[in-house]
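Which chain is which? They are A, B and C, in the order written, and residues in each are numbered from 1.
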């Protein structure tokens, strides 16, 4: 049995039932990581991984009570703090920074018995859609070395796709979990904004960021979300909404789906359209209903996102200054130079561009035309989307316009890369939960993703719908 | 098109600097980005922002002291420290 | 000789009296070894998020209620972005568009009302200590994150006296309502001054100059007066006052232009996405209003009006919150304000008026008991002084002590009559002499009665009785 092909729940069960030792599991994954290190998905393997595994086995030997996911190995995106471990945001500015505290999601996973075996590669400061912009070097797609894994949680998605861990954590601001999940043929969810605490997540865009699991199957995803979700006194934006038992899928016989007119318009030119059309047909055959609706401001999603996200990012990244932590420039003669030189030497090009764009849209003279306006549009867009959920269970759309693109193929114009997010930013802007599930193949047999969205805090329904479609699609391929 | 002067201004606001060759390149990228986002300028939004997310003051944190972090933890990642403080080159009083 | 009108506005910051900082649970305490009251939030570490302190919001509301402000029903916090080493996050969380309090103001003794524009809540920055070339500048974030209220006045003041009075009254209110300690020497209260002048009769205001680094009341006065003269000189010589920020040097007694980075700063304010808007229910505001003690202005009205105290006594009581609080505690127990204030003025204050720490070492209970016993003639004048001194020194119960030491003995009417009859019968010659020279003999009789009663007799009662008896 190849232990590395198993998911979270299965692995926890095997360990609990003493069918396999934790050490065996960890060692199998570490071997995979080593063998596949050319993928560059894992930027650090924690040196205490085996030690922690041994502790678990000791517990089992002594018949001590076990936690729900005791001994399950996970890899964590390089922007989530684990106390005592380095965290770098894939930036050379952050080299050697050791986290002084655990992120809330880490505390929760630790309390569930999870073992962290390493940090996953990402786009620097979560700004990117390809994990090509990392100080650790490019990460590759799990299924095709010549292609990108997507981003910014490219390493997290690749690690799941290449069986380097049972599951991983990523973060999603404009699609950074869903797009790489889709590119590597795995499952990735961006929870409702406020569902999961952001305490200990290095902030990119505070009103859009969410942490979410990337997994090999839906049950694992739901289980992990159950564990990491919930109100947190350390995060004022975390919600007090009750956390449902997401892993108890409550699948119905049929569902009512909504398709956005503007998305369909965009899909007309997509080579992958037949795949999605086929899925709609199958669902119809099963008795599902489809309604069409218009999101008038849909085409403004990307511009809205690229105003709001850089604006918040420019402010969030001010604290990286060469004074309190981060690398300090050797060439700085006074405080002003410490700021200027440390930041200029430390941040990569894309990060600098977004910081500058953010300053621009917030600067006096432009604030009303850009930031303020984007905020108003955000409210309007949110209403347009959430109104649909009054008459439909879920919205369906592609995760990405196409399969994973070739490394280096996006040109010099930064905007080319931004168009990757065309279907994903809607969920971040409106705050609704969205999941990407593998749904077929495209060019060169590369995976495609189907994106499902429900109303805010309806993750239970989201998983149920996802399970319904997932089962249908798996049955088709059987 | 964002002018070179504006680029310099936002560099200054962001505490960033670039070489002269990079400045031109940066102007091009920023202008491309700016053109992209300028689409929202044409959108027509009249109403004021409704404040969507508010919390009652009754739900705020109680004023109870918790242990601070030990000073070693605070300074652990400091590029330069002296006398339990973060250190920078001497600044002129202004 | 041209005549100029002066326009002054003040921006006052006061550190709130909370246990913890504004956005984290670190201790809010002056001093301490560097960086020992810190955590990832106030040091601006990656991934840390602000969590607002309820008490800080409450104290800000209270400050607004003291100054008659409108309290907004929703308050929003903005980020003010700039780079400076004492600002750990490279932004200060403050309020711009929807502060907790708006309008309000303070009435001066002259009756002139100085309007406030707003009172808002924000966080303080850390402290920079400039050491030497070798050591450099050291940064201590203990003060970083401490909650501050910023109180901005309208440009309603016309002289340094008015500015000082406004500042004093503001400070008094904050101290009385237990909102802030306002210890200027500890940076607990700071003041920036805006000054402009214009020719008498000119409608528009002159160019405004901002002055910073003013650390005491005296400095406020000196800085304003200096700046007025400086601006007058410029205008008189035909020049134009430049809009700028100037740094006040109290030692040198002059101001200097701050480097232009202070001017035209673009702070790129936007609402802080980590902090939701705060809803302030009206019930909370009313509850806080009820918690407010009577403020100095209100106390003054009461003392002069309802209690009929003199201006002198009123001013004395209001010169320190401790005096006024003590006075009110006493009056609550023994409703004779004039008697109480006499005792406070003559006995209590003489003991502590030169002390730095004004500690009243006698309880309101004890003092009022002493006054009552004296006024009821249950103890003598002399004994009351002794008793007072004893209560000041030791934590005893006044009534108990008086009983124990025999100071307290009540004289009933019958007892007094008996004693008076005794005195008359023991002094037949005096009774005879009384017929011809009553004014000469009466003091003798009163003295004898006092001796026998240990001073407890009421001299008027004795006078009346004996006069009747010897008719």
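Convention: a contact is a pair of C-beta atoms (placed from the backbone, for glycine too) under 8 Å apart; a residue touches a chain by one contact, two chains touch by 3 or more.
Note that the structure is a prediction, hence the values are computed from the model and not measured.
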Centroid comparison with chain A (C-alpha atoms), farthest chain: C
Distance-to-centre winner among chains (Cα means, whole assembly as reference): B
Which of A-B and A-C has more C-beta pairs touching across its chains: A-B
Interchain centroid distance [CA atoms averaged], chain B/chain C, Å: 40
CA centroid of chain A to CA centroid of chain B, Å: 24
Approximate Å spacing (C-alpha centroids) for the pair chain A, chain C: 56
Overlap residues in chain A, where contacts from two or more other chains coincide: 97, 100, 233, 236-237, 314, 318, 321, 323-325, 335, 339, 359, 363
Multi-partner residues of chain B (at least 2 other chains): 13, 15, 53, 55, 61, 69, 74, 86, 88-89, 91
Chain C: positions in contact with at least two other chains: 40, 43, 51-52, 83, 85, 137, 139, 266, 268, 276
For the chain B and chain A complex, residues of the former touching the latter: 2, 6-7, 9-11, 13-18, 26, 29-30, 32-34, 36-41, 43, 45, 47-50, 52-53, 55, 61, 69, 73-74, 76-80, 86, 88-89, 91
Complex contacts: residues of chain B adjacent to chain C: 13, 15, 51, 53-58, 60-66, 68-69, 71, 74-75, 82-91, 93-94
Residues of chain C defined as touching chain A within the complex: 40, 43-52, 79, 81, 83, 85, 88-91, 137, 139, 266, 268-270, 273-276
Residue ranges of chain A touching chain C (in the complex, touch as defined): 80-81, 87, 89, 94, 97, 99-101, 103, 198-203, 205-207, 233-237, 311-312, 314-315, 318-321, 323-325, 335, 339, 359, 362-364, 367, 371
Residue numbers on chain C that touch chain B, as the complex places them: 18-20, 25-27, 33-40, 43, 51-58, 74, 76, 83, 85, 128-133, 135-141, 247, 258-259, 262, 266, 268, 276-281, 284
